[in-house]
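Chain lettering (A, B, C, D, E and F) follows the sequence in which the chains are written, and residue indices restart at 1 in each chain.
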Amino acid sequence: MDTTLTLTVNNLWMMISTALVFFMHLGFSFLEIGLTRQKNTINILFKNFFIISMGLVLYAFVGFNLMYPASFWNGILPDYFVGLFGLESPMGETGLDLSYNEGYTYWTDFLFQGMFAATAATIVSGAIAERAKLGSFFTFSMLYVGIVYPLIGSWKWGGGFLDEWGFYDFAGSTLVHSVGGWAALLYIAKLGARIGKFSKEGKPRAIPGHNIPFAAAGVLILWLGWFGFNGGSVLSADPGLTSLVLTTTSLAAAAGGLAATGFVHLYYKNFDLTMFMNGILGGLVSITAGADQMSVMEAVLVGGIGGVIVVLAVALLDRLKLDDPVGAVAVHLGTGIWGTLAVGIFGNMASWDQFLVQLIGVGLIGLMSVGSSWIFLTVIQKIWGLRVDRAEELDGLDQAEHGGMTAYADFRMNQH
Amino acid sequence: MDTTLTLTVNNLWMMISTALVFFMHLGFSFLEIGLTRQKNTINILFKNFFIISMGLVLYAFVGFNLMYPASFWNGILPDYFVGLFGLESPMGETGLDLSYNEGYTYWTDFLFQGMFAATAATIVSGAIAERAKLGSFFTFSMLYVGIVYPLIGSWKWGGGFLDEWGFYDFAGSTLVHSVGGWAALLYIAKLGARIGKFSKEGKPRAIPGHNIPFAAAGVLILWLGWFGFNGGSVLSADPGLTSLVLTTTSLAAAAGGLAATGFVHLYYKNFDLTMFMNGILGGLVSITAGADQMSVMEAVLVGGIGGVIVVLAVALLDRLKLDDPVGAVAVHLGTGIWGTLAVGIFGNMASWDQFLVQLIGVGLIGLMSVGSSWIFLTVIQKIWGLRVDRAEELDGLDQAEHGGMTAYADFRMNQH
Amino acid sequence: MDTTLTLTVNNLWMMISTALVFFMHLGFSFLEIGLTRQKNTINILFKNFFIISMGLVLYAFVGFNLMYPASFWNGILPDYFVGLFGLESPMGETGLDLSYNEGYTYWTDFLFQGMFAATAATIVSGAIAERAKLGSFFTFSMLYVGIVYPLIGSWKWGGGFLDEWGFYDFAGSTLVHSVGGWAALLYIAKLGARIGKFSKEGKPRAIPGHNIPFAAAGVLILWLGWFGFNGGSVLSADPGLTSLVLTTTSLAAAAGGLAATGFVHLYYKNFDLTMFMNGILGGLVSITAGADQMSVMEAVLVGGIGGVIVVLAVALLDRLKLDDPVGAVAVHLGTGIWGTLAVGIFGNMASWDQFLVQLIGVGLIGLMSVGSSWIFLTVIQKIWGLRVDRAEELDGLDQAEHGGMTAYADFRMNQH
Amino acid sequence: MKKIEAIIRKSKFDEVRDALHDVNVYFFSYWDVTGVGHEKKEHLYRGVAYSSSDIQRRFLSIVVNDDFVDVTVNAILSAAKTGEVGDGKIFVVPVEQAYRIRTGESGGLTLK
Amino acid sequence: MKKIEAIIRKSKFDEVRDALHDVNVYFFSYWDVTGVGHEKKEHLYRGVAYSSSDIQRRFLSIVVNDDFVDVTVNAILSAAKTGEVGDGKIFVVPVEQAYRIRTGESGGLTLK
Amino acid sequence: MKKIEAIIRKSKFDEVRDALHDVNVYFFSYWDVTGVGHEKKEHLYRGVAYSSSDIQRRFLSIVVNDDFVDVTVNAILSAAKTGEVGDGKIFVVPVEQAYRIRTGESGGLTLK
């Protein structure tokens, strides 16, 4: 094979995947503003813009080297963690000979991984919407994306101990989605529910999202983005593997949506679009850990079960009085765990041993995520507090933190 | 040439095209909700989500093998139709050697075709918006996408009798768009017009769409999607052919929009954005049958004529008291037929003989589409009815079928 | 290397880039309608649809050959300008052998360049929104895109005198963005500010945009589009160069947004989303001239400075009583100039000589843009006038020019 | 002069307007309000069911001369009725004076 | 009968509604208005700072029998109060007649 | 006390507000309504032309003391006038009582 051309083609696919993963940030933005109230729209968009921007810069100067270290110190902490930070530029003589493996160049690698890193923080952002202090969240997410995410990533994708043990997580059901999901869970537990989310008797109340078309567009954009998220995680343009991955991904998404809808329909005799949407996302997250290991039928099963899990998880959170406006915990944590375990149950790798390794991986990463989140959040809460004032929350965060900018200046709104 | 690399590159282009065709579903969704009333928004989105999800799953288990059969039984019915259904997985020993021709892998083929299949049903969905019963439509579209679409597809793309006769339909002006358009036409004829669409004297009245920016975004997204729809239909990354196809496609779209606008301007002294939008779509559908056969000038002509046809077709439907809120019949059927015939008039294949074959193809496929639609709809109407109650229609379908979920909870709306 | 395959791969990347640049038109549309008032939404969308459509057709029949002439007459006017117009079709015997260099085919070249051309006109369209006469603007933009843009382009990209002098503008900070920006500046100077933009005492007043989520989506879509705008300007899929360019582009965007936000925060103690958005765009335009010449650190610097420049430029325009609703002049002209000069200050080409050449290029192109705009606008103003009536402006342009079509028929609006 | 304030179902608006036309009432203003009353509507959002007595209604404000009050009220009463809970209310409020801005004239003539 | 028009802060609406329920006022209509008054709000948009006295408020229209006026007014007065400038106003307007569309009946009974 | 209800063109709102300021009327509430009247507007949508007498207007509700009625009405009359059909109407309605929620006080003083 022609190695230059091979590199070119593989790199091309990786760049396209990078672009698609970048585009997921529009998907997340649309989903999050769509499922919340208009009075917090500017605030949510600002968070998303900050995360993608700061996430990339941070990953350039800290995260990337932390996650893909030259070697490990005692097998857990990458030695860069105790060494040098910063993006090295392995430029050749011409300053532009940047390729460093057969699959893609150094730059492609950085950018692809950087887009992933920002994703983890965005997951948190959705769950805490409509009441979290902006500055505190920024501090948290910089610590989390700057340190915890790459550290955990290094355990597996960086060649650390989980990788050696045989833990498998193809594109990050656990390494990206659960890592974000755990932080989201802890954050909303510490924050408390939005005013009005639970009645005095503790019964959950609906706070309908203000723009369902945006939310729906967000879901379709995320689905598209997953073509890159999973497709790019093949790390080459290998025709068989990439196309299998796209097929399992899409079928899992479809199955997740249908299963969630069907399940809800059984209970409520009602076609619930928001559950269809969450079901699709659940299907996508579920298949992410094993997208290259499943057959068509298995993908449909894994995705479909994921869809049902999302519905149950949403109900469970309501019962626990945890308030997650966009269902981020249900989707990313709930089915992130499921998808990772599913690698041990379905597909080519299925075996009891594999299942155990998956379980251990899920557990250890969960511990690390929860532990570090707990420490960060506790400290931040002490210093600045996590939550805005009651009056600010009632007024909407756009008023207090964004100079009264309104998302829809010419529209007459209901406020609640 | 390096065959592995060739496969890789071709397959890569096909996967990108697949992603773009998938993205068209966001375009359709935006277009459809934008041109209808807010009280039916959830319902329309739900339909679109269902179609893409169910369409893919169905195509995996039924449609794909039906459309691309190993052989034909009496030349019309593919023998799988009387044989085995279900997606076979030609996995090699490693379970992952999935390539099966030079252009793309088995999985890419399936996914690309699956996205097309869902498109046909989506076309119907737009035309019947705001009054059709959800369950009845689902039943219809499952039958249509599951059986009729692949059956007709097999006649040409599956190597059936139309293919042998020399019928040409590059990317599906007829096989996809007209097939959807015919069903849409029959469906709206059986459904009847929305309450208020025609005055007591039978004069058409305007029911303005509620979110024109969404509709406009939908059109641009569809145009983008057509890069994949037509570009991918080359079935390889052949540089000359693919880039020619993209050029003719874009120029036809531009010409269609300009022609429709100019034509409307002559009559009404008015710049009508919705007609510009429909003109673009008309240009795109028109060029779809012969995108690889036209020169630049011919593409501009074919597209421009398509744009004018759309305007005329919209007026014609109004006169026939057929109510198509989004112009789906005008766009997909009207210019679908035109584009298919245009292959016999303009471009490399133009000839009297070719024109006749095109005409026969259009006619036979029209017969099959209309016939099967008629049967399905008549039966479904008998069993469940096609249309919601008058009160439900006035209230909006979001109220009755979707638990009163509102698309824009925080906005103050006019209802009509 | 396998030449056919090399062509195929390079061409593939160029086609994808073309699609992404096309998609930028949705980004511009969203940005422009989002930052203006609802009563002019249809008008703005119509302008955008017209520009992309007419731009492509015009570029096919005039612009392309003007910009990339076979040779030059006296080194400034391409000889096609005095010779033949129209898109030649270098079809081979088969009618389809269209490749004409190693990087891409004739058609890809045309389409990629055509999408760029339309961009320049769209920049103008944003600045003049909410008060410009539609017909006059169309006339202006046809002249500008048809003649001025390709003529200036020919000086550098067409191999003209600026190219010979060593002027560098990788993807068009000056050739596309400033060329659009200068015209925008002149146009708004001649048009005057919107009614109500400045108080009687001349103090600027806020006219808030009506749909910030659209504007935010526009920015993210533009960022995505820049993957193609800059990435495609490599003119091949060279793995090192393309991935470096994507990296510098994204980091400059991120840095621009963060810098603009930080800078505004210092003054107003406020998180201003619209400035974050403009900062991102400023970062993107800044890096466009030297995206292939910068290291990571330099990209962050160039982008960050660009972000600050945007904020200052917006304030400066307000002081000069120039009214640019979407910040097009600040973004495209302000940072377009900065980015072009930055090639002489940062990166591989940095040198005093280079800086001077850049300065000369910026100056000459500025002169040409301003001069030709001035002539066109003066003549058009004489014949038709540039601005709508006061009553039409107060009513909104959708009423007067688009038959009273409203963008959001079902929503209750505030008008102002 | 009296002001007639009618709160009706949105879906009945077209019929009410036609009925008003039939009795020569061509001028009025209306806007959408939320009505709190007997009627309840069931909703479901992400698995949480809730019922709400906040229903979208249309509010008509019609100023008429005294001799038109009964005919206007009756027109609305019959056109807006479905017989189901939630049909709405009509209130009659005294008005002391009316002006037409275009001409500056005042009194009952301005209502024609 | 009297019509009580109350202009309150949106953020106080839930409390006001609960207070009205507590005094057995279950029926009313409301909509959102812009209030111009003492209160001012600071805004910033693309570097231009401006203050506006246009504040979003909620307008409640409640028709009650005469003996309910005081209790209704007092319920609103206490529930809508924050003590800050901008709490809003209550106006009492005479109403001459009321009709229930569903039944056609008129008079004070229709307000129950 | 009187309530002045003015229905004006939206495009005249800024002028009316300024005119009210000039006569020391600083407090009022407004919202957007649809006006049905003499004026008609032509529309075109996807090839279907239609004319509508439903025009967007702005509704101002201003409660003033009796001695302010004339000056307020006159201010609106002159500022809102274009002379074209569709300039709108002003109605004067009696008000029996007014309360300021912030302080609980009632009577004419609350309108200052």
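We adopt the following convention: a residue touches a chain if its C-beta (ideal position, glycine included) is under 8 Å from a C-beta of that chain, and two chains touch if they have at least 3 such contacts.
These numbers come from a predicted model, not from an experiment.
J.: Which other chains touch chain A while also touching chain F?
T.: A chain counts here if it touches both chain A and chain F, which gives B, C, D, E.
J.: Let me have the rounded angstrom distance from the C-alpha centre of chain D over to the C-alpha centre of chain F, please.
T.: The answer is 19 Å.
J.: Suppose each chain is reduced to the average of its Cα coordinates; what separation in Å results between chain C and chain E?
T.: The mean C-alpha positions of chain C and chain E differ by 50 Å.
J.: What whole-Å value do you get for the distance between chain A and chain E if each is reduced to the mean of its CA atoms?
T.: So the centroids are 44 Å from each other.
J.: If a residue has to touch 2 or more other chains to count, which residues of chain E qualify?
T.: Counting only residues that touch two or more other chains, chain E contributes 31-32, 34, 43-45, 49, 93-94.
J.: Quick one: which residues in chain A touch 2 or more of the other chains?
T.: As it turns out, chain A has residues touching two or more other chains at 2, 5, 9, 12, 16, 208, 211, 268, 270, 272, 274, 402-403, 405, 408, 411-416.
J.: So which chains actually touch one another? I want all the pairs, not just one.
T.: Pairs flagged as touching, ordered by label: A-B, A-C, A-D, A-E, B-C, B-D, B-F, C-E, C-F, D-E, D-F, E-F.
J.: Mind listing the chain B positions that touch chain C in their complex?
T.: Residues of chain B touching chain C: 1-2, 5-6, 9, 12-13, 16, 20, 37-39, 208-213, 216-217, 219-221, 223-224, 227, 231, 237-244, 246-247, 250-251, 253-255, 257-258, 261, 268, 270-274, 276-277, 280, 292, 295-296, 300, 348, 408, 411-416.
J.: Can you check the complex and tell me which residues of chain E touch chain F?
T.: For chain E paired with chain F, touching residues are 2, 5-8, 31-38, 57, 59, 73, 76-77, 80-94.
J.: Under the definition above, what is the set of chain A residues touching chain D in their complex?
T.: For chain A paired with chain D, touching residues are 204-206, 208, 264, 268, 270, 272, 274-275, 278, 311, 314-315, 318, 327, 414.
J.: Can you list the chain F residues touching chain C in their complex?
T.: 10-11, 13-14, 32, 41-45, 49, 56
J.: Give every residue of chain A touching chain C within the complex, in rising order.
T.: Against chain C, chain A makes touches at 2, 4-5, 7-9, 11-12, 15-16, 18-19, 22-23, 25-26, 29-30, 33, 41-42, 45-46, 49-50, 52-54, 56-57, 60, 87, 89, 91, 95-99, 104-108, 110-111, 114, 134, 211, 214, 401-403, 405-412.
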